[in-house]
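The two complexes that follow have chain A in common; it is paired with chain B in the first and with chain C in the second.
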Partner chain A sequence: MEYTLNVSNLKEQFYTRRGIYKALNGVDILLRKGEILGIAGESGCGKTTLGLTIIGLLPRNAVVTDGEILLDGKDLIATLREFASKEANNLNLRHSENMMKKLNKQLINVRGSRISMVFQDPMTSLNPVLRIGYQIAETLMVHQPEVLAKRRLARSKVNDSDLREALKLLENGADEQSIKAFAETRQLEGIEEQLLNIWRRNDLGIARKEKMILSLRSERLGGFDMAVLERVVNQGGIGGWMRIPGLNRMSKAVLIKEGNAKAVELLSSLEIPNPEEVVKMYPHELSGGMRQRIIIAIALANNPELVIMDEPTSALDVTVQAQILDLLKHLKQRFNTSFILISHDLSVLAEVCDRIGIMYAGRIVEVATVDAIFNKPLHPYTTMLISAVPTIKGGEIQGIGGAVPDMRFPPSGCMFHPRCPYVMDKCRENNPQMKDLEDEHLVACYLYEGQKGEQN
Partner chain B sequence: MIIAARRLTKEFEIKANSAFGKPLRLRAVDSVDIQVEEGQIVGVVGESGSGKSTLGRTLLGLLNPSAGTVFFDIPDDVLKEYDGFLRDGDAKGAASIEMEYSIFKKKGEKLKKIRSGMNMVFQDPYSSLDPRMNVLSIITEPLLAMNYMKPDKAFDRCMELLEEVGLPSDFAYRYPHELSGGQKQRVALARGMATLPKFLVLDEPTSALDVSVQAQILSLLRKIREKYHIGMVIITHNIAVISYMADQVNVMYAGKIVESGPKEDVILNPVHPYTIALISAVPGKMVKPNRIILKGDTPNLINPPQGCVFHPRCPMAFGICGWTADEIATDLKYLVNDKFAGSFNDKVVVSTGTGGNLVINNTSAGDEMTLERIINDEKGNMKSLTAIEGLERHGTNIELKIKGYQVPKMYNHDGRKVSCLLYAGDDIKA
Partner chain C sequence: MNLWAYTIRRLLLLIPTLLGLTLIVFILSHVSGNNVILAEYLSPKLTGAARAIATQALIARFHLNQPIYVQYFYWLNAILHGNWGYTNTAIYSGPVTTAIALFLPNTLMLSAVAAILIWIIGVRFGVYSAVNRDSVSDHALRVGSFTLYAMPIYLIGVALIIVLGVYLKVLPISGVVSPTMVSGLSWYVNGISYPTHIIIIDAMLHGAWGIALNAVIHLLLPAITLALAIVAGLIRILRSSMLEVLDQDYIRLARSKGLSERIVYNLHARKNALLPVITLFGLTVAGLLGGAVVVETIFNYPGIGYWTTQALLDSDVGGIMAATLLFGLILVVANLLVDLIYAFVDPRIRY
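Right after this comes the complex of A and B.
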């Protein structure tokens, strides 16, 4: 089985004036390709910290004491571990800052292109002074300038008969592969994506789509633009004379313009009405649900392997939330991307996830498929969490007594033991290991110790 | 009735776009009727911006309504009499009852007395408790301010209340920052109950809390209701919470109550298209065969849609729901210039005239037949087309006639009140 993301034994602490908060205490995650994994838990259980650690966005007082985060087999946080082994006992914030800068440099090609993140509040995640189109184009320009350049060059090279032929192929129901092959034989790489994106749009009629495809052939490129695009394609990015101030700005403008065109296609694939108008707008002109879609578009712009969504619908109304969740289900099929969906709301996760991990006090205590979590929860915490959620159908609900532990002084043994109704002596002393009981139903609880299953 | 509101309307003035322009008016609550019996929990549910919080504040007299009244502790027969006066348009009779029972006509000591009979618990326990007061002063403040009891007795009352909400008595000397979210909300609840009110408004009492704590607070609320027989209005966006707590449910959309009735009817068997959509949008594990996902967002209340406010998003809208020429034109443009562009010549333009009429210019002969066919075919998907009554050719132009519209009232249907023309029955004018 191939995993996109493999997090093992991740431990993290925050050094504060009031003491050391043990935020993560050995988190294990295995995420498959194209899977949506939900992470649920009460506030303060470390779900957001986990998301931020995977993408490497940490404050300077955070120390990762142990663990690995492997993205397609490559370790992302080696620098952090190394730093922790040197300074764990006596954290120097200035050293930590320098180390974070180093980490930022290492991750610059990972963030936004291979892993991206969607934050909770759509009102504050967009830049209010830039147009939507620019904000989407920027991430494309930074991570895939050559793709943008190829698109633009292809449009300047293509002629009417090519387009008519492509149109015929599309009308006959050609699939992605054959359109790609067609573009390659004509040496028009970059056009296939534009053709397909226009053809897949649901908001336009056939006549309009045909017109748009035929008008893909653009006016000839200016000399400077041509030089920029060709250099970007040949060198695989912005470089050389394009770094000269002034010229740099002008060459970026060429790419941004093309990025805007791609932004329209992206937005239309996210079912945003009138994408041509939306890219020209500023964030304040859009509603909350619309903004969250834009942020999802930015996150998906570079076809990342992993998208982390931290409470993506908590700030939205139920009807808009339903729209976004519906969209997520479609995206999962369309893009070959894995998602981690962090939420305090189990019912949101039930709606879209394949598997759900229940987190408590910096540990994942149970992982299973959605059906197993809801129909056959094993860990006492999971059971209590589910019975605390009121449902439309009615029925009694039961709160969980006690409170989330103070993570400066976490309880000994299993962290849930002070609140657990089935607590045993063993629970107070030892921390149970994750155990795979059946069909990938993993649980960390001594109640299931006697049952067969392998220690993980 | 502990609380009864009639034709309650609250408008806010918003700064005009230009210095000399007229101020804009935003109608947050639009002629709402609501009533709460003793010991009854009434739920108000709606999306953000639907006016539910404004309604709650106006019910308590924290905001002055632009029109309508709120009665406190009014005998049922007097309320019935008042409803009769309203129906017959007897302003004099209505005013005499308002004089006696309306909370907005009371002043001074009388108002103070009423105020101690009603209270509010706010959404965010983090900001609704004064950080510089300890729990004891927070809870005793309303008792002393209302002259409800003497300070020495107030201390005992505070201890009683703390026990009631499930907090140990040593919490009296703690400050809000020392409490967790759930404990703070318990303190806020104790403060709300301090003067033994008959009526309590709870504005999103649990949305800032974790589910495990939410469950504790909700069962505490139920216990309090049972013991003290307090009438409550619970305002929330969470339908599951309403379904767990409330006896009566009111669904609000754009300032209006669109459906109102007993919980069993409204939640389990909704009839208003918005309620149906709202309840089917609740995420969860259960299978929802006919899930409705609404398009678009809540309307702008400064310039709300005409007719029924929900019609632009409504999956069941029809001809007289309030379609305007502009709304129909947008859909027609898509059909004429895009989806069926092949059936018309290139110069065809859909335009709206000044008098609110809809014209298609530069058509060629026979286009009206095509158009009629298309409109009939697409009616099912594009509800706005149902408002087109007929076509008429003037030269190269085709003029479309638009049906008149009707504003829905509250109709009785299947044990509840619903504001939708689908259930208007004989009330629809020909």
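Right after this comes the complex of A and C.
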């Protein structure tokens, strides 16, 4: 089995004036390729912290004391662990900030291109003074400038007969591979995704699409633009004389312009109406649901292996929420991307996830398929969490007695024992290990100790 | 476009504002009790019988034997027609408009250089201070800017004169150019250069590069003094607004896109952090003008502030009224510019 992400025994603390909060206490996650994993739990159980730790965006008072985050086998948080081993006892915030800056430098090529994140509040997550098109184009320019350059060069080279031939291929139902092969034989790499993106648009009629495809040819290139694009293709990025101030800005503008064109395609594939207009707008001109779609477009722009979504629908009303969840289901089919969907709302997770992990007090206590979690929950916390979800049929809602423990002084043994109705003596002393019971239904609870299953 | 409609509306609003300004200047000048209009418009060169005749002519022309509100409109008429009266001070005697044409270019030059210094130093250090918060250099910058902020401008000027001009003798402390360099020149007469009246530009026009360089060196000390007095406030405001912006969600999103720290700070954060600073631009212009009066006096720099000080000392009514009117005019226009720039840089604001 191939895993995109392997988190093991992740432990993290926050140093504050009031004491040390133990936010994560040994989180284990195995995420498969192309899977949507839901993470559910009460407020303050560490869901968001987990997401931010994976992408490396931590506040300066956070310290990762133990654990690994492997993305395709490569450890992302070695720097954090190393820092913790030196300064865990006496945290100097300024050292921590410098370390975070170092970490930012290390993760520049990972963030946005291999892992990206969608944040909770779409109203405040887009930069208010930059155009939508720029905010999408920027991430394309940083991570794959050569792709943008190729697209533009292909358009300048293509001629009418090429386009008519491609159109014939598309009309005969050619698949992605054959269009790509066609582009390669004509030395027009970069044109294929433009053809396919126009062809796949649902908001346009066939005549309009044909016209758009044929008009791909008409754009001419100036001498400076040509020089920039060719150098970017040859060198694989911005470099050399393009670093000279002034020229740097002009070279970037060439790429950003093409990034805008790609942003339009990206937005139309996310079924945003009128993408040509939207890229010219500023965030305040869009509704919350639209902004969240833009943020999702930014997250998916570079085809990352992993997208972390932190409560992507919590700030939206239910109808928009349903639209976004629909969109997620489509994305799962179209992109070969793994998702971690963080939410406190079990019904949201049930809608789109393959598996759900239940988190309590900085630990994942149960992981199973959606069916198993809802129909056969094992951990007492999961059972109580599900019975606390209000249903349309009415009926008594069972709350969970007690409250989330104060994580400065976490309970001994199993963290859930003060609220657990089945508490046993050994729960107070030892923390149960994750155990794989059947069909990858994992649970960390002593109730199932006698049953067969392998320790995990 | 929306922005154009807004610009035109703001320009039309300028008319009542300026009427109010002239009214206030007129009333204030009449509080002194003497007949201001006579003092303002009577040419200082006239004496004896000619003076008496001219006085009678002015009384008739401005209807000075009628109520004061009638007088205001005749005075306003003259102002609107570019007739601002006469000034008679130790440094210049003649029509006010000529005096403004002679002295204002120097002040504009000084303010422009100071403004560029303020912008470069202020933005650089403000952003640096926020990005490296709580570091040693941040603390040093904060102490430094607070000290400057608390110091009156003449104290900064005198301190710079003592250190750079008297002890180290690296910069000249007075005037716009060394007098020995410009004696006997055809385009430099009685301390006034021709044709633009800005000696740096005039020297370059006449190919006198040595004089131009000398004039630039003379400009440094007053410009630095003016800049230091104002830049402290800018650094402090930019630092706090930058810190606030760095905590925003969109900065976190920018980081999650894999942008370098430099782009996050210099584009995503700075563009937002500068918005409140632009609002203060109007105050900065006021500071530059007020500062220019003091700085030009300290450094004997023949600008509009220096002339205003002379007019005040000589009780020259024409000069005082013209300077008040001119400063008010500049402030009103600066505030208009602030609103327009703000509407231009912040897309959320379209009135």
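One rule holds in what follows: the second predicted complex is superposed on the first by the 456 of 456 C-alpha atoms of A that agree within 3 Å, B and C clash if a C-alpha of one lies under 4 Å from a C-alpha of the other, contacts with A are read in each partner's own complex, and residues count from 1 in each chain.
Heads up, the rule we're going with is that contacts are C-beta pairs under 8 Å (C-beta built on N, C-alpha and C of every residue); 3 or more make two chains touch, one makes a residue touch a chain.
This one's a predicted model, so the numbers in the text were calculated from it and none came from an experiment.
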| item | value |
| --- | --- |
| Partners on chain A (chain B, chain C) - clash or fit | fit |
| Chain B versus chain C as contact partner of A:392, first or second or both or neither | first |
| Three-chain overlay, vertex chain A: chain B-chain C angle, C-alpha, nearest 10 degrees | 80 |
| Contacts of A:142 with chain B and chain C, given as first, second, both or neither | second |
| Partner chain(s) touched by A:101 [first = chain B, second = chain C, both, neither] | second |
| First (chain B), second (chain C), both or neither touched by A:166 | neither |
| First (chain B), second (chain C), both or neither touched by A:351 | first |
| Contacts of A:374 with chain B and chain C, given as first, second, both or neither | first |
| Touching partner for A:322 - first (chain B), second (chain C), both, neither | first |
| Minimum Cα separation, chain C to chain B, after superposition on A (Å) | 7 |
| Shared chain A surface residues [contacts with chain B and with chain C] | none |
| Of all residues in chain A, those that touch chain C in their complex | 55, 57, 93-94, 101, 104-105, 107-113, 116-117, 119, 121, 124-130, 138-139, 142-143, 282, 284, 295, 298 |
| Contacting residues of chain C [partner chain A, same complex] | 134-135, 248-250, 252-261, 267-268, 271-272, 275, 345-348 |
| Residues of chain B touching chain A in the complex | 47-48, 180, 182, 210-219, 237-241, 243-244, 267-268, 277-286, 291, 293-295, 297-298, 334, 337-342 |
| Footprint of chain B on chain A - complex, ascending | 42-43, 204-208, 287-290, 317-323, 325-326, 344-348, 350-351, 370, 374, 384-385, 388-394, 397-401, 403-404 |
